Structure formats: C-alpha cells, structure tokens
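Scrolling down, you'll hit the structures one after another.
Next come two complexes built around chain A: one with chain B, the other with chain C.
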Partner chain A sequence: MNRMQRFYTMLGWIAVLYMLLMFIYPVLKVVITSVWVNGQFTFDNYKTIFSTAIYRQVLVKTLWISIVSTFITLIIGYALANFIAKRPAKKQGFWLMIVIASMFMSLTVRLFGWMIVLGEKGPIIQLFRLLFGEKQELTLMFSSVAVIIGIVHFVLPFVVLNIYTTLKKIEPSLSEASIMLGASPMRTFWKVIFPLSLPGVYAGASLAFSLAASTFLVPTILGGPKDSLMSNLAYNSTITVGNMGLGSAISFVLLIIIVAVLMGLSALERRGHHASESR
Partner chain B sequence: MHFIKRKNKYTYWIFMFGIIASLMFVLSACGSSSESKEIVVTSFGGKYDEVFTKYVAKPFEEKNPGVKVKLAPYTGIAKLSQGGGSSIDIVQLDDFDIIDAANKGLLSPLEKKDFTSWDKLYEQAFLNSKDGKVFGLTNVFGAWGIAYNPEKTTKPTSWNDLWRTDVKGKVTMMSQWIPDILMTQKATNTTMENMNPVWEAYKKITPSIAQYYSSFSAPEALFKSNQVVMASWFDGRALALKKAGTPIDFVIPKEGGILIRSGMSVVKNSKNQDLAKKLIDFAMTPEAQQGFAKELYYGPTNSTVKLDGDVADDVVYGKDKISGLTTPDWNNIFTKREEWLLKWQEVTSR
Partner chain C sequence: MAGSDISLKTSISLDSITKIYKGNTVIDHIDLDLQEGEFLSLLGPSGSGKTTILRMVAGLVTPDEGKVILRGEDISFTPPNKRNMGMVFQQYALFPHMTIQENVTYGLKARKLPKAEITERVQKYLELVDLKHLAGRRPRELSGGQQQRVSLARALAVEPVVLLFDEPLSNLDVRLKEQMLKEIRHLHRKLGFTAIYVTHDQNEALYLSDKIAVLNKGKIEQFSSPEEILKNPTSAFVADFFGYTNRIENVVLMDEQTAQIGDVKIPVGHLGIDAHPNDQGFLLLRLNAAQILDLQNQQTFMDEKEATAIRAEIRDSRYLGDETELRLHIRDGIEQEITVKLPQMLTPLPPEGMQIRFRFQAEAICFYKGDGRT
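Up next is the complex of A and B:
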C-alpha cells in the first residue's frame, strides 16, 4: 500500500511538472511578450487596451455575451441533465450519447450548419414569415443572437455532463422522504434536489463561462462586424497585424477576467457547501 | 511472459519500457531513413492543392526521379518568424507576406542565374525586399474587385456601390485587408498622408456589412446561401463559383482593382536550396501556369503563356490587364500597416 501511495505521489508530481511546463510557462511567456517591447519594459500595450474605447467596449461585450450564454446554457443544461438522470438507468447512456454526439464533429462544420439553420432560407426564418407574413423582417445571422446560439450549442454538452454527474450522486431516498413527509414535487425539487446539485451547477457554470469568454470561432463564423470578442481582437492583433505584444496583452487581460469570475463562482460554491453542512 | 511475472515487478516495468523504447526507435527510424529527397512546400489547401499537385508536383517528380514533393499546410508569417519553418523548403504566401518575411530575414534571395524563366516573367511577378533584392516569384496573379449576384442586384460600377442602400446588410468585405483599405482610399479620393476620409467611409459602410470575413473562401458559403449579394473578393474564386452554377459575376470597378499576387520563396534554413529553386522555376513554366488558369482562373505571370477563348478573357492575362491593376507598394505600406489595421479595427467594431 505504501509503495502504491508513493507511486501515485510520483505520478502527481509528474502531472505538476507537466502543468508547469505546458501551462504556466506559456502563460508567463505571454505576459513577458506583452510587457517587453523592443527590448524595453513597458506597460504601453495595457495602456492602449484601457485607454482605447474600442477595447473597453469589446471587453464589456465579451463579458455580456458570455454571461448571457452561460445562463441560457445552465437552464437548458439543467433541464436536460435532470431529464436524463430520471430515465431508466439502462437508457441513460443512450441519452448522454445523443447530447455528446455533437462534439464528435468539428465545431467549424457545426457552425456552418447553424449558418444554414439561421440563414435567409433556413427553417426559422421561413416559419417566422409564414406566421407573420412576408413583409416582416427578421435577420438572425451576423448578430449577437447568432453568436449566443452558437456558444450555447458549443458549451451545452459540458454543462449537461457536469450537472448529470451530481444529480446521479443524490440519493433517491432523499426525494422519496421529502415527498412522504408531504412536500410537493415542486417543493422537493427546489428545497432538496436543487441545493444538492449546486456543485455541479457551479462547475458547469465555470466551464461554460470560460469556454464562452474565450471562444474565437463562433463570432468569426456567426457574428457580424459588431460581434468581435476579445479573442478575435487578440487573434487579429497577433496574426493579421503582427503585433504580438498587443495580442498577448489582450489575451492576458481576458485570462485575468476569466480567472476573477471563476474565483467568484468558487467562492459562491464554498458558501453553498458551508450552508448545506451547517443545516 | 509468465517468466517475468514470477520475478519482481521492477523487471516487468523495465522490460515494458524496453519494448516501448525500441518500438519508438524503430518508428522514428522509419520516418527519417528515406532514400529519396523530399521537398516540402506549404500550400493553401483545397482545390489549390489539387491543381498544384497535378501541374507542378507530379510533373516535377517525373522529371526528377528520386525527388518527392510533399505539400504542407499553410504556414503564415507569425508561425514562420517563431521558427515554424524548420521543416519547410518552400513557402507559398501572398505577396505582402513574402516581402515581410524577406525583410525579417526568413527567406533566401533568388538570383537570375538559377531560373530559366526569369526573363520571361512580368515585372510585377518579382517580390522585392525593402533593399530591392528579389526574394520571391509570383506564380499566379489575381484581381481584387467586386463580386455580386446578378439575380439579386444590379451591377456595381464603383467601390462606393458597396454601400448602396438596396444592398444594406447584404455586403461582405475582408477583415483587416489592405487592398480593401487601398480601394477605399481611391474611392474617397485621398492619399496615404490623409487617411481620415477612409476611416469615415468605413464607419459609414459598416452598418451595411453583414460580416467582415477573414478567409478567402468565406464568401463562397455566404453567396451560396444568399446571405450576401455583394462582396469585395478576387476573380479566381468568384469565377470558379460561377462555373459551378452559382449566380455570381465579377467586376473591376471604375476606380480600379488591386493585383493579387501569390508567390513562392525558399526558406532560408532549407537544406534543399537548389532543388527548391528548381521547383519554383518549374512552377513558372507555361504548362504549369496554363493549368492554374484553366482550373482555378488564376492569371499567368510568365509572359510567354498562351491562353485562348473564355479563359483568356476571364483571368488576369496580358500586359495591359496586369498594369491596369494597382500593384501595392508594400514596403512603403508596411511603415503604416500596423497603424492602419488597428485603426480599421477601431472604426469597424463600433
């Protein structure tokens, strides 16, 4: 047993080393690139970001779009996960498979699919015209709405899996007890099941938010001129303009913001834990 | 393997490690011990790769037994300058990228003595660094103009037609693209010294734009699905789409268009310098360039290439057509490029 433990500790250290080399080092490199311009230490790139209106606007837009899509994903994801967790145990694998199946395909291809669905000749606009007449104008493509739809589609499987695993861990006897003691199914859900599933919700929210805030492909394909997000600006600055320093600075600002939001979420989660323990 | 199991576990692990290590050794040896010479060329993907293989790579291999031409994915300047060109012999890039890479010292200079077709190339085919040395040869020309759907809108005659009210929300232009900026400069009658009218024009046009696209192939899907009816685009792709049955036409507006050049260069650290130059020379031959004109509607850069019929009318062909388009002075533009692109980003994301 002791030897086994030592073996796992070793594996753990290897993982830590991997993290340091493959994650911390590149991030440090990004930070250095952003402050070390032409052999000089300077905060100019950060000054540019915070003093130019457009970067501030895009930053706000990124946060806004990420928050909205995280909320929508959580609602749909929770409903789906709850539905799957209630299926007969044998069938759950099948339902999960359906949710995850979309991830087997490249995101680019899936987003082109959305382009057709949301487009002029797509089913949604056709139905809208049928209901409200030919003259009604509705455009979905190249808007924030299209971007949010794309992001929700992209992060949904991650959220469903997270919430599903926590829902599965909740003892069925708890809800039985609650119902037997006279609580309505609605009350049972909100007072028993939902609080217990919160860790999964927070984990899903963290994942959804970080994926949404850093997405680059979705706005590129589904968004219009006003829907560029921070990662698009970072890409443009680095690849098209060739200004690595500015691109790195934008990426780092985005990273800091994501980390801040995640810390907020995990603080919420911890508070939730204590609350449920003290009850 | 039970003889190992009976001994202790360490022997087992050492044994397994030995097997894996030797397997990896064999595999890596397989990769490197090829007898023939391999030349790695980056390419643009899709149909371009097919045509390049058919008219350049395969015939070149046949003429040079023992040589293998391998296509590699597109490698941009950001990757090249970070050392991403270590396994590449030839890069194919847009003219400005080649000139930029040359100025950064990433490419080998090219000299007349190594190329049989040197004297036959149009002067626009040479891609020069800021000190005037040739670092790349253009193998195909294109024209930057306006593509439009003739079934849904009338023929545009000016770059200013992109913000006609009847096409509002149905227009696409390229994202952070100097040729578009240069044409806006012409349409607004201004010069490099005073760019304000250009930025004002971009502010005005942005509400009409469905999307600023970021890859050459993007308008294809946008036209096919009727999301746009007008686009700043280049002739080759638009004509290919037209021949495939999509309602689309291409025009050079009255203010003119930009000469698009796709060039080839030898990477400085390539170990096959001579062979690489030979392959570039081969891509300049009439046979190869006719293939590109016929299948991709790209114009020849070798003045001895003969094209006939429709193809001759469609593509950028002949001295007059080539000099009728603006060839950007990239080395001059580079001094303003970053400022322009960041300003572009600012005015269009509002």
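Up next is the complex of A and C:
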C-alpha cells in the first residue's frame, strides 16, 4: 500500500468512527431508553404503542401519508426528470437548478409559503369560489391534503435528481434502436426507457419514503390536530409530556418501519436487477 | 408503364436533400440512387456528413430541403418507426435488460406478428449469425463481435426494405473486424438485402460495396463502383482516400500521358476532372507507383530501361507484414521524396544510402489541376 492509499484508508476510518459516534450511539441510546424504565428492563412502552388506539391510528396514518406522497412524488418527479433529460444538453443545468433552487431556502419558510397558497385568502380557494360560488366549502390548510402537498414539495428535488441521473445514463442509441425496430415512442418508453430507469426510481422512492415518514415540520405547520405523524408523537412524548421512554420507543418503531420499507424496496430492485443480469 | 418499371428497381433515392445546422450547410443538395439489393457505402472523414445522410434516410433527422424516396414513395416525413428499415449501430445498442432472444424478438413483437412466425424468424436469424446457443444470455455476457452479430440479426429479423449500418465495426479490433466484414458480405450475398453502410475506412467500403459515395464537406466527391474509384479517382480528395499517398507538386501536364517537372518526364495514368495539356498541377502516386529496376543485382533490367530510369537513394526501408516499404529520395533533375511499397519481402533489407534506379508506373499516377488546396 502506498502512502496515498494509506491516507485514504485513514480518512475512511475517520468517517466510520464519525458514523459510530453520531448515528449508532444515539440509536443505541434511544433503544436502551425505550426498554429501560426506572432501572428495570421492560417492553411496556412498546405495548403502550401497539395497544393504544390513538398510537395505532397515527402509525397507520404515517404509513399511508408517506406512501401516497411517495407515489405522487415519483410520478411528478419522473415526468420532470424526463423533461429535463430531453432538453438540449446545455440547458439541462439550468432546469436542474430550478428544481433544486427551492432547497436553498429553509423548509420552514417554504412551508409558510404553502400556508399562504393553501389558505383562505390563497389563490386556490379564491379560484375555487370564483368557479363554484361562495357557498361551496373548501378548506385545504390543516388537513392531510396540505400535509401531502408539503411532503411532495419537500422531497421532489431528491427524486428528480435520482431519476434524472439514471435517465442520463441510458444510451440515446437504445431508444433509436427501438424506434428503428418499429416500436412507437410509447412502446419505446415502456419497454426500454422505463425498465432501464428503475434503479433511479427505486433510489428516489427510498429517499422519498424515508424523508416523508420521518417528517416533523410539515405536519406541524400544514397539518391540523388530527394530522400528527409519528415524529410529532415522539416529540410530544419526549418534550411536552416528558416521557422519554415512550418517545424513544415511538422513534424506534418509526426507524424500524423505514428500514423495513427500504429493505423491501432494495429487494425489489435486486430482483429486477437479477432479471436483467442472469437468465 | 416506364415509371413503375423504374420504381420496381430503384430502392431508395435521395432527391437534393439538404441539412442545415445553425447556419452551416452540413448536407448540400445531395442526389443518390440505390437499386434494389445494392450495397452502398457512404465514405468520408468525420464531419463529411455521412452519418447525417444515413440518419435522414432512417428518419431520425428531417431534411431541410429535398426528398427521401423509398420505392417511388416520398417518405421524407414518415416517422422512423413506420419506415420498415433496419439499423445496426456503432455501439451495438442492444437492450441490456433483455436476453439475446428477446432483443431479436423485439422488432417482431412491435409489428404484432403472429407468435409462430416470430419464433420461426428468431430461430432463423439467430442461426444465420451462428448465435442460437447464446439465445438465453444477456448482451453484456457477450463479446463485442457477438453483440454486433446480435444487432445484425435483430435488424435483419424485421426483414427491412433497407438495412442501415452506422460505422458498425469501428469498435472492434482488427481481427474481429475482418471476420465481421466477411460475415456481412456473406449475409448480403445470401439474403440480397439493400444496404447503406457508413464508414471512414476505405477498405471496409471496398470490401463490401457495389457502389461507393465519397463525401467531403456535405457533398459527394465521387459516386461509382469500387473498381472505378480505385482506377480513376476523379478528385485529389478521393485519390487521397484510396491510397494515393505521395504527392509531387508543381508539375505541368505535357500531353494526356505525360507530366513534366524540371527535366523529368513522369508518365500519367489518369487525369482529374478538367485537366488539359499545359495545365499546371500536381501528381498523386500510389505506393506501387515505382518499379525498382536494379535491386538485388538485376543489372540487366537497368540496361534495357536506361532511357526512362530514374536515380534515387534509399532513405529508409522497413517491413510491412510480408511487403517492403521504401522511402526514396529522388535526385535526378528534381529533389523529391516518395514512399513506395514492394509486394515482396526483400531479404536482406536494402540499407540506407543505397543508390537504386526505378521506373514510374503510369497506372498508379494521377494528375490533378491546380494546387489542390482549395
């Protein structure tokens, strides 16, 4: 091993150490706090979560809001990534900048922006009233819809970047080959482009889901009292109620769910990958 | 019914097609006719427009002017997937997520052919390129040559009206290239498809083609059979492409068979367009333009040909495979270096500084008017 390689190996170990301290240790601490109550080992906190109706409801709500937002983001994100990948090469950077630009601002500020857009005096509700009359009721703010809109807005850039990168890696001659073989542009997309872009879709989906499931800010600002998600629950238990054990248990359950979904997604991807690698 | 007679034989015609990119005319009013079953090569350096022409035939690029006519029908605006053409790409362009079999099936499924026919055709064409045993593999498990054969089978399987090749061999090494050339020629003879083949390699073009169109800056320099092009390159550009690598400047054409420089008379085999006696111009010579008279003590020759023999000194000599290449410095009235190739392996290699005599071979020498630097 030459000096350069040793240097890089050392840098690698520093990174590993950082991970151990900053990620593994806190997680272990959370796990221990959740099962070590008043000097005793117990699963009571977990039993509380799974036996109390309100916790179960929040769990289910977190799951479906995350899944729905992930799907919506994937559809919008794919369309956007595909649009950008088809722009002239010189202009693609500009379009990507526009997508990423929103990330330059604090999420809190952006969500306040959404409060205005979705609010009573906002353009959407004004337009709705104009079209359907004053009597029609429509509220967007402080609802699950607002939360989903917020999450989609928040995770979209990550998804676009992931899908865009895989789309760019697909040889342009492949779609030409497909077209020359008599396939319509539609067929070319579904048989060639889409299957080859799946790695990016899976990566985007993984990121989108984990960001969505663990979001704390979006439901806090855009959601109503009924739209609390797991993170909010963990926050309340720990900070407002002061029950560290329960808060930790909720956090850990959330972590397990996210890890399980990610593993499921990567298994799906591997299966697709295998199908394209071996016979 | 003369019209329909012609359309039966003519496969594809380009009628004054033109392409302009950002104010640059990359294809300048090109006309081409290709008969049914003919193999045409578009030959030219990069930037000559050969690929653009191919892509206009394919429909991947729309001409700004002119028409593409297929069997008498104007297809200039027909989308590429409706043209029933086949294309073999430089990068193979096999679908990486499909097996070899699925790749070949792809175009047939897009055409919604009956299942039985699909199976039959896939078998037939995989067998034709000798890859039936690899039908279940993925493209990345195959070598470059095998991948290109799959690509060929995939394009052939749809039984296209014209088969288009976009520099298909430029990613292969020399031996594979030769194999593939043989294979393409064999398939063309066997199946009789009409083909347009883009290449920058004159040997590929000579090996495969019935007709060669030499392109330069978006225009056709010469369009004729390989034999005609070799024998009679109409411009210096074409000659340069086909092995006329020596150049002798500042010569005057005496009559239709002789050029003169200083006191030296050089026999001329071919004249470029518009060349007339008393024109000032230059000569292009193939590597076989000199017959060496007195190498290896062939003294007898020397005496016979004294009159036309030219003295030179060997500057460099080396083997090229089983041929010998010599760099000669002529100092017999003119000072000029030329490179010649002898079709045999000279042993021993003639030493540097050796004095020899040679005679010019008219059939390997062309005269062109002007200074050739337009």
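Some observations on this one:
Please note the rule applied: the second predicted complex is superposed on the first by the 270 of 279 C-alpha atoms of A that agree within 3 Å, B and C clash if a C-alpha of one lies under 4 Å from a C-alpha of the other, contacts with A are read in each partner's own complex, and residues count from 1 in each chain.
Everything that follows uses one rule, which is that a residue touches a chain if its C-beta (ideal position, glycine included) is under 8 Å from a C-beta of that chain, and two chains touch if they have at least 3 such contacts.
Keep in mind the model is a prediction, meaning the values are calculated, not measured.
With chain A as the common reference, chain B sits beside chain C without any clash. Look at A:Lys191: by the touch rule set out above, it reaches chain C but stays clear of chain B. Contacts of A:Val58 after superposition on the shared chain: chain B is touched, whereas chain C is not.
Of the two partner chains placed by superposition, A:Phe158 touches none, neither chain B nor chain C.
Comparing chain C and chain B on the residues of chain A they touch gives the larger count to B.
Contact with chain C, but none with chain B, is seen for A:Ala177 once the two complexes are overlaid on the shared chain. When the two complexes are laid on top of each other via chain A, the two nearest Cα atoms from chain B and chain C are 41 angstrom apart.
Of all the residues in chain A, the ones that touch chain B in their complex are 52-54, 57-58, 112, 115-116, 119-121, 139, 141-142, 220, 223-226, 228, 233, 236-244, 246. Of all the residues in chain A, the ones that touch chain C in their complex are 171, 173-174, 176-185, 187, 191-192, 195-196, 275-279.
Contact residues on chain C toward chain A in their complex (touch as defined above): 58, 60, 79-82, 84-87, 89-91, 93-99, 106-107, 110-111, 136-138, 154-155, 158, 164.
Contacts from chain B toward chain A in the complex involve residues 76-78, 100, 169, 175-176, 206, 209-212, 214, 221, 225-227, 337-338, 341-342, 345-346, 348-350.
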